[in-house]
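Two complexes, one shared chain (chain A), two partners (chain B, chain C).
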Partner chain A sequence: MKIAITSTGNSPESTLDSRFGRCSYFVIYDTESGTTEFIPNPNKEAMEGAGPASIQLVASKGVEKVISGEFGGKVKAIFDSLKIQLVIVNDRTMTIAHIIEMVSK
Partner chain B sequence: MRIAIASGKGGTGKTFVSTNLFAVAEKEFHNVTLVDCDAEEPNVSEFINGKTISTEIIKQHLPVIDKEACVYCGKCRHWCNYNAIICLPDNKQIYLIEDLCHDCGACLAACQYNAITEIEKRLGTVSVKQCSNHSRTIEARLDIGVYSPISVIKAALNKAQDTEIMLIDSPPGISCSFIATIVPADFIVLVTEPTPFGLNDLKLSVETLEQLKKTFGVVVNRTGLGDDRVYDWLEEKQIPLLMKIPFDKNIARIYSQSRLLVREDPSYAIHFLNLLKAIEGLCKK
Partner chain C sequence: MARPKKLRKLSNPPKIKGFRPIKPAGEVEPAPILLDYDEFEALRLSDYLQNNQADAAREMGISRPTFARIYKNARRKIARSFAEGAPILFQGGPVYFTSEWYSCKNCRCFFNNPDKDKPSVICPLCRSSDVHQCETDTL
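Coming up: the complex of A and B.
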């Protein structure tokens, strides 16, 4: 299964980015192969619709789960209909490596 | 002369200033219009009576995507400048986020499969009221739940063309709705209060107006509250302080009873007339 995690930077030591649509990077983690891909978020500075544009990005990657600090009002219903699970992590100091370790268990 | 009355912080007295300015302008000029652009909560009509002469319903177009005809090519999504369309060919899913649609029609032009048609969506109303034979108010009123007030505000401002004095009661804040009201204005009156919140939001408003190279001045309402930082800052920035209105229970009482201060207290009729003249002077500079 592929999981998207919002990240503040482009390394496993980076911390979770608390915003979904306007995060700095998306980490696409594949639980089967154990590979990670860091994608700079092109929608970070979008005037409007950063959330929907970021759904477009992560859904195109075939993810089934998204981990972030929070999700805006426009995106929740769309994620629901795409059957993509949303996971909210409140601890903003948590690193990407730590989150990957947790979901790999 | 088009004068916008705005403020960063809400509740500083925009409507108080604009309705009282309207009442003095009515006596001085031949053709006066007050446009209530605070479309999410218009309240000018609480203070100024008039006979409704027209009410127009403002609408926008929204695309409707026929999922049978759609081939999920994604061209409409690429053409949409506002991220209002999500298209996922692998999932055979296409979504429209209504709130983000700006009614530009690009998706309709992009679709080569006749999968997109349009429907109309109601956004709000624009009402014109005649107050005297030479003065009127125009109210922009957004429907509850509508995301952006811009179309309704612009429709109201369009109706106010050809007026000698146009007063614009702007929405609070410095977002698009505020910008839409100050772009057509020759002068902006920023109403603030001498509190840290008032000063903080005043600074944000001034920053925006400076970027847009607009002429403006400040009215400090409820003087006697807070501290002197707002005055120090205005002096330092050399921003004209147009008027000071004291924190006075009697003024608050008159306002809360939907009455106009300039009609209750002749000294304020003079103060507001002086404010209007000061604005006129600064506009001519």
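Coming up: the complex of A and C.
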């Protein structure tokens, strides 16, 4: 199963990005092979529609779960229709490595 | 101008895109009948899950008379498809998709359960089953 995590930087030591649509990087983690892929978010500076555009990006990677700090108003209905699970983590200081360790248990 | 239609609440879209009749070879297929998502959901709630109409209407966020009208349309379309041998396509309709939020007491994260067919809920982060459903839509 593939999981997308929003990240502030492109290393496993960087922290979780609290926004979904305009996060700096997406981390695509594959639970079966244990590989991670860092994708810079092209919608970071978007004026509007960053959420739906980011959904297209992560959905095209085939993820089943998205972990972020917060999701905007437009995205939940689209994620529900795609059957992708949303996870909101309140602890903003959590690193990507720590989250990956938690989900791969 | 007619009053705009209220959006109907759906948990999941149908698993398949539609139905095609078995026909003798060479016969022309009539134009497909479009069954809206809300009509599909009405049929699923009252005939498959056997809810009564008042409960089913509440689940879709509409009034009972409206539900009855959608349900009547759904049955009419299916009967027409059977009688005329027309394929059925599921699509469109005034709908929105939603799911319930849960919160985990162990790691204090929030998550939703987009697939209603899986009733057992565990926290996707810490695998704890100490979760409870949020009362209202918190976001």
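We adopt the following convention: the second predicted complex is superposed on the first by the 105 of 105 C-alpha atoms of A that agree within 3 Å, B and C clash if a C-alpha of one lies under 4 Å from a C-alpha of the other, contacts with A are read in each partner's own complex, and residues count from 1 in each chain.
Heads up, the rule we're going with is that contacts are C-beta pairs under 8 Å (C-beta built on N, C-alpha and C of every residue); 3 or more make two chains touch, one makes a residue touch a chain.
Predicted model only: the values in this text are computed from it and were never measured.
Participant: Under the superposition described at the top, does placing chain B and chain C together on chain A give a clash or a fit?
Facilitator: Superposition result for chain B and chain C: fit.
Participant: I want to verify one number. Taking the Cα centroids, what angle sits at chain A between chain B and chain C, in steps of 10 degrees?
Facilitator: Roughly 80 degrees separate the directions to chain B and chain C.
Participant: Thinking of the overlay built on chain A, is A:A50 touched by chain B (first), by chain C (second), by both, or by neither?
Facilitator: Once the two structures are laid over each other on A, A:A50 reaches chain B alone.
Participant: Could you look at A:V27 and tell me whether it touches chain B, chain C, both or neither (first, second, both, neither)?
Facilitator: neither
Participant: Examine A:A59 and indicate which partner it touches, taking first as chain B and second as chain C; both and neither are also allowed.
Facilitator: A:A59 contacts chain B only, not chain C.
Participant: Return first, second, both or neither, reflecting whether A:L16 touches chain B, chain C, both chains, or no partner chain.
Facilitator: neither
Participant: Applying the document's definition of touch, where does A:Q85 land relative to chain B and chain C: first, second, both, or neither?
Facilitator: The answer is second: A:Q85 touches chain C but not chain B.
Participant: Please indicate which partner A:I100 is in contact with in the superposed arrangement: first for chain B, second for chain C, both, or neither.
Facilitator: Once the two structures are laid over each other on A, A:I100 reaches no partner at all.
Participant: Could you look at A:K74 and tell me whether it touches chain B, chain C, both or neither (first, second, both, neither)?
Facilitator: first
Participant: Name the contact category of A:A4: first (chain B only), second (chain C only), both, or neither.
Facilitator: neither
Participant: Is it chain B or chain C that touches the larger share of residues in chain A?
Facilitator: Of chain B and chain C, more residues of chain A lie in contact with C.
Participant: Please give the nearest C-alpha separation between chain B and chain C in the three-chain superposition, to the whole Å.
Facilitator: Checking C-alpha atoms only, chain B sits 7 Å from chain C at its nearest point.
Participant: Overlap the chain B and chain C contact sets on chain A and report the shared residues.
Facilitator: 78, 81-82
Participant: What does chain A use to touch chain B in their complex?
Facilitator: Going through chain A, the ones touching chain B are 43, 46-50, 52-53, 55-56, 59-60, 62, 74, 78, 81-82.
Participant: Which chain C residues qualify as touching chain A in the complex?
Facilitator: For this pair, the touching residues of chain C are 11-13, 96-99, 107-115, 124-127, 139.
Participant: Which residues, counting only chain A, touch chain C once they are in their complex?
Facilitator: 65, 67, 71, 76-91, 99, 102-103, 105
Participant: Which part of chain B faces chain A closely enough to touch in the complex?
Facilitator: 77, 82-88, 90-91, 93, 95, 97, 99-100
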